[in-house]
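By written order: A, B, C and D. Residues from 1 in each chain.
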């Protein structure tokens, strides 16, 4: 088991290294290949009235004239060991993990990310609880009542749910519940939970429901399909042949097998969302990681874009890791392999 | 007995009367079992033989009541130890399952829950029907594992199914089925997934255990070799119906149905030259939705021409030919026997 | 099966291996798998409805602007012509009630410039479907190829391709797409303007969704590899290439068809999301996601401008999903 | 122009319908126009655009918290590192430059008054040396006194370092400081020869060439003093040494700034500011619609950006008289226009440029800005609020400016392109309004056979790599470029020089995108900036405007306006013409 975990952790770290290199390549190598010069990149960050000296100064300050491999080395070193940055009259220490300083507001990226994380986490956690409960229970009931009107209705709604773009659902819900009926506050009213838990809750109700609706629809479909497949398994027949009550067959035998892969996907989905729910956060103006990165992309703020991408990849890889390990715990067959 | 369905309790331990199990699907009604009747006494073994899709597994699950409450339409009667089960409540049949009647499934790997230890699954089976503590049940499980010949049962009880070899898994499966001393044991292709030497061990084990528990045993298989070793009586199924029924000797030495001949012909035998051609049955099993008109076997039957056209128009009756030996064929008994004696048997014995 | 597209969220429904490994025990004689599937599909009312809508949409897209101005010209207004006289300059909303919905403008008018939404929806349908189809084609080609290689050869090839899929799945996809499309030069590869943009969007969507196809194909190939007819071919001395193309591929057509059909709506959503985030096709070419972006500022005063393109996306995606679900059910009765 | 920011000298032009005489006298010094004092007690007593011409809700009541909200975040709160017009307005709450604008609506607000300085700059005979005397006794919030060296240091850091890049670099451009490496590389301030400080209260600027509008340059917040010992470079924004009526209490970058009263601010040294609220809170990165909502509800007092309300709120305000009466619709310093490249065929032929001028439906290009509330249809390079502005229209394009196809076709024929031609319209892709303008323009041109393709470029690289790079423009055939401009200091020179002076055509970062290099224009600009007489100077600017328009390469769409809302609990409100938004140093709040 220990060896298994160690192996998985090493694989995860390698994966992050690959992702970081690829990310770096996409944001630095591709522009370079398309003819971008260090001066060209620097000119974005020196204001409207940049003198050639100022541009050269920015090139030097941001080390844009170094070979890309050196730049990547510095980027990687910053993440692992930290890096010093010039803020003018003095050097600023940027401790590991250091993703550098925003080109646009000169703030270190890592604390900014951490600062944005609670909003994203609030959104993801609330929605995850909702969709897991709703999606899975609807899926189970649908599978057990297969072919009934209930099943058909639930699956129609679920199909509609996965067919609706989330920003559209979001806008419609804002339009109806916030601006027409005034039941919930509108977009951009997110408040941190420590500041005002009630406002936090109110502001997140619509985003939660919007995000959870999409995922619940998906999970209902997944759970139903998984449940149907499991209910057709030989070991379910065996359980019935033993004389087990149907309820026991469902809860003890079928659910465990059905939910294990669902939980796997759940872990990955939550991991994905923690890296920023770009569309939901944009639609509802929630100051989370996703909103941060969209703003950063629009503002050409490469360090922030890189940081968020790495951050998001980290969560995906971490989720994969946790899921792998959990799977090994839940499914005895995995341990040997 | 084939034509006289009664409603009173029979003498035999198990009796099926005109059992029909139909599945309505969008493609049509699948008549998996279509009028099946037989009897079985305690201590006796019945072999049910047929190709896949002939309805034999559906029959066994039907007896256990596992089609109840689903989409299946079930009619006819199943009498077990004086009780009628088709009309009995789902819940009542459930209490009989595992205790009064148990089943050994074909593929023990997929038939055992991968997430629970073998011990846990036997314990669960035992505790459904016996109000005992987990410790007692565990002792019983170890005991059962030992009895089916699993070495170091006190250790293996905590192993998962995937940690067992195929043969050991089948033994564990049998241990689970026998944990509540069932009076009726149904084994569905118990040895298909095993290699030949292990097959023999498992078959021996089942015979021993049957004797020990004096239970009635139904062995379902497509392999005549298996039933040859185990069975007192043999029932050949085709297209959801019984086409021939008789004692093991009847079936092996005096078979009268062309389909049975085909089965015998396609049975590999160790005493035969490997170079020799088997006698395969041409074609494939019939659709259970659109069963061929007349005799279901007619499209594949080499003797279809000898029925005077009845094969394609009229469903043959299952009729007694002599001493409890039943055959469903349009050809007159004498002609059937003659074909067997003169054409088929010499071919099979042409060593 | 549409993936939840919030940013990066892209988890496919996980029932890959189960699909299409034979039609189960109830043997039905005399009809091929294709015929059976067709019969089943015809009976699935939802799938038929989906198919009808899909065919309708494809026809609408094809004939939207051609020949001779196509359907758009037939119904009057052009998608890019402003109608400022129908807009209240003080509020930027259409002067007439209900967003200016009328016989001439069945879906109403765009705020600010008064362009005809009906024409723009039709025009946008071309982009949506074109991008979705082509992107699906790209991912199917890449995914099928790599999936077969991984599944058939196994060993280090499988390891490399599987790891590659993991890496791709670990990327916050939407972020990359936005960044790459945003950093696009104006002309490259002999293309420029919208042609280049569409090509790049197609490539990105296709390039990032191939692992979903590859995963399924790999699984299928793994099991096909062990099947008798492959053994038979091999024992007859067939080359790997022959086996892959003549023996394995034909058996992959059904699952690839099903999952391509289910990938199309995902790609429609993806294109719409890119357009919504401002990195879709260039103006004034209409796109549904782009219309929704514009609608964000006006949904309180001109809700029709949000609802119409939203419903267009919804109906299209739903139709493809219904059809895809139906196809899957038809080809794999066990999944019902 | 990298960001939406800049100031304008706003001399209210004759097109303004309201009489400016009504607001005689400055709003400062407590002397208000007699009527407004009574009216100011309730918002209901005010009318649409009232704060444009007079002080509304006048009150000297102190206390309360003044709340601002902003959709964006500032480039920096450091007065030496910012280029946003609103921030030049806002930073005066804690930073005092040498000169500042008189606090008054209308024309009076465009005049400069000394702030840190005792009086306006004294120019030398040759116009190349400008001397300012500092007021004595002006203190930082920690009680230490402001010294001349601090002003010199502030100029040095904001113009000569590669770290503080966000502000303009006029001092670097005009000061005679050849070879100076900036205070971060060269710690010895004496090496900075462009500014001299003979004593603690005298600052002398040494220029390369005469510059008669230098007072405007030092009204830029970059001249606000910074003690060298306190400078932490890019981090200075977190703890600015305050000279104004407020000082930093706390600042979370990108989230919130809280200001409290600066006890060391002495009102007797400051004639332009008030200190009414107890504290000032600013929330950054707020949702635009939410800001409007809270503004309408009175939960916040001002949308800090001064760019006006969103379409949803605009519709509400337009629809309800009581809301409309609490709003103002001032000009911003911006002109929104298209430039046609004189170096890209066929626009090298003036007749083809004229064809575009005539063909364009300017009502359609006005709509994206928000219709009449978003700007008046323009016909000149300078805006009505620029000194020297005179209205004229060289290319009347039909009734209501909806385009004149016949004239356009005639011009096309004269150009030798009777059937039209193909060209490209470059636009900043992330600016939705500008893209909508491009779409409208494209549709107009299509009517006369000019087939234009819209090319979107990211605004971040717009001037450095795309429209601002002539080589790129030529290579990619960018005939028409959609742009906007607001000047950095209030004069025709400030507005026009960067965008029309042929000698300002740069290889990159070029704002004269039409590449107009007309010797007459260049000479007039030189002549103007050396003319010390204001009236004569302003006359020259209007001549420049006409010359530019004669080239037909500059096509204005709108003189931008915004719709500002003032909640009833906001007191002491007027639109400061130098910023085109409310004077943030004057505001107070009504306590509930």
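In this text, a residue touches a chain if its C-beta (ideal position, glycine included) is under 8 Å from a C-beta of that chain, and two chains touch if they have at least 3 such contacts.
Protein names from UniProt, one per chain: B = Peptide/nickel transport system ATP-binding protein; D = Peptide/nickel transport system substrate-binding protein.
Source: prediction; values computed, not measured.
If chain A is ignored, touching still links all the remaining chains into one piece.
Chain A has the Cα centre that lies closest to the mean of all protein Cα atoms in view.
The chain pair with the larger count of C-beta pairs in contact, out of A-C and B-C, is A-C. Rounded to whole angstrom units, the spacing between the C-alpha centres of chain A and chain C is 23. If you average the CA atoms of chain B and of chain D, the two centres end up 92 Å from each other.
Taking each chain's centre as the mean of its C-alpha atoms, chain C lies 47 Å from chain D. Multi-chain contact residues of chain C (touching two or more other chains) are listed as 182, 278, 300. For chain D, residues that reach two or more other chains under the stated contact definition are 289, 430, 458. Shared interface positions of chain A, i.e. residues touching 2 or more other chains, are given as 298. Taken together, the chains touch in the following pairs: A-B, A-C, A-D, B-C, C-D. Partner chain B is touched in their complex by these residues of chain A: 233-235, 237-246, 253, 256-257, 260, 330-333, 336.
Here chain C touches chain D in the complex through residues 80-82, 84, 87-93, 111-113, 182, 186, 193, 278, 282-284, 293-294, 297-298, 300-301, going by the rule given at the top.
Against chain A, in their complex, chain B makes its touches with residues 61, 64, 66, 69, 94-99, 102-103, 105-107, 110-115, 121, 124-125, 128-129, 160, 162-163, 176.
Those residues of chain D that touch chain A in the shared complex are 1-3, 73, 75-76, 83, 157, 161-170, 172-173, 183-184, 231-236, 253-255, 285-291, 293, 430, 458, 460-461, 463-465, 508-509.
Remark: chain B residues 25-27, 30, 52-53, 284-290 touch chain C in the complex.
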